[in-house]
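One chain, chain A, links the two complexes that follow: it is found with chain B in the first and with chain C in the second.
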Partner chain A sequence: MKKIAKAKLNELYAKISESMGLFLPIKRAGEVNYAVWGEGKEVSLETLKTVKSPKNAFFPDSENLMKFKTEGKNIEIIDVRKDYKEEKPFVLFGVKACDYKAIEVLDRVFLADPVDSYYQARREATTIVTLACSKPEESCFCKVFGIDATAPCGDVTTWLDENYLYWQANTEKGEALTALVADLLEEGGEESVATQQEATKAILEKLPFSALDLSRFKPENLNDLFNDPAWEEMSEACLGCGTCTFVCPTCQCFDIRDFKTSEGVLRYRCWDSCMYSDFTLMAHGNSRTTQMQRFRQRFMHKLVYYPSQNDGLYSCVGCGRCVNKCPQHLNIVKVIKTLGGKNDD
Partner chain B sequence: MTNETLIPKVGVITDIRKDTPDVKTFRVVGTDGKKLFEHMPGQCAMVSIPGVGECMFSITSSPTNEEYMEFSIKKCGCVTEVLHALEEGAQVTVRGPYGKNFPVEGDFKGKDLLFIAGGIGLAPLRSVINYVRHYRENYGKVVIVYGARSKDDLVDIEEIQTEWMNEPNTEVYLTIDRPQEGWDGHVGFVPSYVKELGLDPNMTAVLCGPPIMIKFTLAGLLELGFDKSRVYTTLELRMKCGVGKCGRCNVGDKFVCKDGPVFRMTELDELPDEY
Partner chain C sequence: MKEVETKMLERAKELLESGEVARVVGWKKGEFCYDPSPATFESVEELKDFTYDWFCGANLSKYLIQISKKEGKTAVFLKPCDTYSFNQLVKEHRIKRENIHVIAVECRGKFDIEKIKAKGISFVTGAQLDGTQVKVSTLYGEETLEKSDVVLTKCATCNKDYQVQDEAIILHERTKKDVDRFAEVAKLEAMTEEERFAFWREQLSKCIRCNACRNVCPACSCVKCVFDNPASEISAKVNSDKFEEQLFHIIRAFHVAGRCTDCGECSRVCPQHIPLHLLNRKFIKDIDNFYGEYQAGETAEGKTPLTSYTEGDTEPNDVFKGEAK
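This part shows the complex of A and B:
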């Protein structure tokens, strides 16, 4: 294990930035979100939850896919990526265990055959440096999904305490990054990390949502859960604002739209939400006409449909962002408690 | 399929046939004059007019047609309105094929086949019917029941009358919803006509049409003794990507674009009722 003094972190960021892009939690206008590092930026590794998850490093909230040039009747299709310089390798720094697990959830969608080449290119160009949690809070429930917040995976795993950032490379990409910054790192830290992990685990045990019962959320109960009368009451207050989907690290639904510009038509994709009434709207009707149906779709997808297609892996990582952000205080915890069991009350 | 699944190819509309007051059939080839890609009956493609939008349509022509693809499209929304206003020679973009096809090389082989379609529901079935006609010796008897609102709403009636009706070991039954001058055929809705015909329940059936027609026709078939595991239909939901990623056409643990659009009725029984 290696370590670097906290006071020298800016040197570390500068060194990485010389040859790679560096994307990490940065405070701006009172909010902390992943952004590109630059001299003078206020990095906040201590922030437990960025407002938005780091998913937009690979799956941006909006991205151009292609361009169409029309001349008379003729259409020319231009892959916009050819206009860009080659995708520079970049480092996604400070990713928490829940958000790292969420990348696996997204990988299973975007890297499944046929591979989404837009996502894949960014994914391959990225070295992920995770950061263990030391101060999990009440809305956290990653443990329910078998995630160890004190030992996230990634190309490099790091731990932060008062004085040092501890550093452990896990993969070839991680070793390469370690070599790049080797001059700034010194040996040691095992004991400090172990002490921190023990203390964090004690907090995790005591968190209010640490024992949610997921046992009913199985593919064989799909229709039972779908038809549960509790959905009506649970969804009654839902405004359909879609906040939960935008802050969610695993929500991956998107829209594809065209935009007319002076240089032709730009086709882009952007995040979308199954909570919106026009998500399923067709010329001849809508398969989900009530907010109850849309609310149900979101949670059934995360807890039953996705696991059924992905070897039992849930499409929730317990980050708790929806718990904090829903203006109506609705969230997946309430759904799990209502439908799955209430043994943590 | 290439990695660039979202990037379409340019297609040229070489022929437009007005089948009914609101259905046109578009013949499409690549800019090199050749077929854009191969497909199997029941599969779909994303057709787009840049700046207007992209929609999923079933490929109406049979894969045995080596020269071009056809799409029978009903005018009913933003994209189809603009498609209907296009002229021959216009270009569109096409990507595909998407989805699972009818098991024409599997469970359909050697079977007596019953095709039941309502209105524009004939579009996906035309592909299978013409495939079966091409490899006629591989299949048993073919019965086609097709209904529409009026005689003017029967899609490509010419092919039905001149070709399908003269095909050996093939029976074609047409019906329209209400009596009409110049129509001496059957009058009545598809579900009740199907029951009247007293069809052999050992046939493998394929249903395609408006949801209400499918619902009542299926009930009728079950009354006649048909087995649900040998009844197929196609689903239609909003789609954007076509490859099971954008989340739109998700029903239960299936994506209609990838796991469908062709489903056995027994498969649909396992899905939540939301399609």
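This part shows the complex of A and C:
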């Protein structure tokens, strides 16, 4: 194991940035979100939960696809994308265990056939440096999904305490990054890491949502869960906004839209939310016409549909962002508590 | 606060039991002490989850657009700021007034859990007002904070009074605050154009276009928003370019101008803490200046400055140039 003094982290960022892009939690206008590092940026590794998850490194909020210009009867199609094969290598730094697991959830969608080549190019160009948690919060419930917040995977795993960032490479990519910054690293840290892990585990054990019961979320209960009368009440205060989906590290739905600009029509892909009234709008109309149905879709997808198609892997990682951010305090925990452990009667 | 909750609960029971109302709209308990949700209670049994505490910041008025169309009467608990939204929605014929029984309910400001957490305090198990301070209990012991650091932004400058009530449950009087709600707007006005642009640029670039601000806004009651309507040509789900990022917010601010009651819900719900209320307050301040003092939601009747013409009206062009009055 290696370590670097906290005071020298800026040198580390600068060194990485010389040859690669560096994407990490940065405070801007009061909020911490993943952004590209630059001299003078306020990095905040201590922030447990960035508002947006790091998923937009691979799956950006919006991505321009092409432009159309019409002149008389001619349509000019302008390719506004850069060639995905030219994706510059970058480092995604400070990813928490839950958000790291969420990338696996996204991979199963975007890297399955047909592969999303843009997502894939970004994934391949990235070295992921994870950061273990030492101060989990009451809304965290990663443990429920079998995630160990004190030992996330990734190409490199790091731990942070008052004085040092501890560093352990796990993969070839991780070794390469370690070699790049070798001059800044020193040996040691095993003991400090072990002590921190033990203390964190004790907190994780006691978190209020650590023992949520997921036993009822099985494909064979799909119909019962779908038809449960509790959905009405659970969703009644829902605003149909996109907050819970847009802060969620595993939400993966997108839309392709056209936007009329002064220079023609811009076609872009953007995040979509199943909470929106025009989600899956088709020529015949919309298959979900009430907010209850949309709300149900979000949670059924996370807890039943996705796992039934992905070897039982839930598409919630317990990051607790929707718990913290829903304006009306509706969230997946309330859904799990209401439906998760109930008998089938 | 407990006594207020008890009284509200008693009253809700009476109203439901006697059949005077078919449902009561209030708040129900969450997972923690600080995350209640708006809720409808249709029976005395359902009231077991009823709560009213320092964290019931949500404005219930907008829910009444749908609920007031239901069969039977509905009782609703409204805080002072909520009564303005209620009146405004009645004025716009969105709420059926005759179907609603308004219970004005005590409010001395609501707390913002995110502000408490930002102080590094977690595992909050309760919060109580103690003079000008707030005692926050946590799993690790008690913390004392200044009330002014803990209240929701919308509550920090609120001196509103109930504008409508059929009855009231008020046990403690509110103290008027010596604050100017336009102070922050004046600061923005004092900036140079470039500084102001940079300020909004920095703030709005955080926007994730989740529409929470719009969806919670009582003035945003259009059945189909232009931004959701593919036929509008400006519909958009995301800030696909830098221009759009501003367009959404500015169009929205214009559209609610003269109808925004300054309930502050937009800033409360924004996951990125963008101070959206400042845009709306700028409009309120300008309307006051150009057309005479006006507070949307004060009454459910009467004319509004932007939808009625008088001979002495400021010329739009002068408004644009900022030269009026």
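Keep in mind that, in the parts below, the second predicted complex is superposed on the first by the 313 of 345 C-alpha atoms of A that agree within 3 Å, B and C clash if a C-alpha of one lies under 4 Å from a C-alpha of the other, contacts with A are read in each partner's own complex, and residues count from 1 in each chain.
Please note the rule applied: a residue touches a chain if its C-beta (ideal position, glycine included) is under 8 Å from a C-beta of that chain, and two chains touch if they have at least 3 such contacts.
Fair warning: this is a prediction, and the values are worked out from it, not measured in the lab.
Participant: Looking at A:116 after the superposition, I want to know if it touches chain B, chain C, both of them or none. Which is it: first, second, both, neither?
Facilitator: first
Participant: Report for A:184: first if it touches chain B alone, second if chain C alone, otherwise both or neither.
Facilitator: Neither chain B nor chain C is touched by A:184.
Participant: Is A:137 touching the first partner chain B, the second partner chain C, both, or neither of them?
Facilitator: second
Participant: Go through the superposed model and pick first if A:176 touches only chain B, second if only chain C, both, or neither.
Facilitator: It touches nothing on chain B or chain C.
Participant: With both complexes superposed on chain A, which partner does A:64 reach: first (chain B), second (chain C), both or neither?
Facilitator: In the superposed model, A:64 contacts chain C only, not chain B.
Participant: Taking the superposition as given, does A:272 touch the first partner, chain B, the second, chain C, both, or neither?
Facilitator: It touches chain B and chain C both.
Participant: A:214 in the overlay: touching chain B, chain C, both, or neither? Say first, second, both or neither.
Facilitator: neither
Participant: Between chain B (first) and chain C (second), which does A:125 come into contact with in this model arrangement: first, second, both, or neither?
Facilitator: In the superposition, A:125 contacts neither chain B nor chain C.
Participant: In the overlay, answer first, second, both or neither for which of chain B and chain C A:239 touches.
Facilitator: second
Participant: Quick check on the output: what are the common chain A residues between the chain B footprint and the chain C footprint?
Facilitator: Correct list for chain A: 255, 257, 260, 272, 281.
Participant: Mind listing the chain C positions that touch chain A in their complex?
Facilitator: Touch residues, chain C against chain A: 30-32, 35-40, 58, 63, 114, 122-123, 202-203, 205-206, 208-212, 214-216, 228, 230, 233-241, 243-244, 268-269, 271-274.
Participant: Would you tell me which residues of chain A are touching chain B in their complex?
Facilitator: By the definition above, chain A touches chain B via 65-66, 68, 70, 73-77, 79, 109-110, 112-118, 120, 219, 222-223, 226-227, 252-258, 260, 264-265, 267, 269, 272, 274, 279-284, 287-288, 293, 297, 300-301, 304-305, 308-309.
Participant: For chain A, which residues are in contact with chain C within the complex?
Facilitator: Those residues of chain A that touch chain C are 28-31, 33, 51-52, 61-62, 64, 135, 137-138, 208-209, 233, 236-237, 239-243, 245-247, 255, 257, 259-261, 266, 268, 270-273, 276-278, 281, 323-325, 327-330, 333-334, 337.
Participant: Touching residues of chain B toward chain A in the complex: what are they?
Facilitator: Result: residues 1-10, 50-54, 76-78, 80, 89-93, 236-238, 240-241, 243-248, 250-253, 270, 272, 274-275 of chain B touch chain A.
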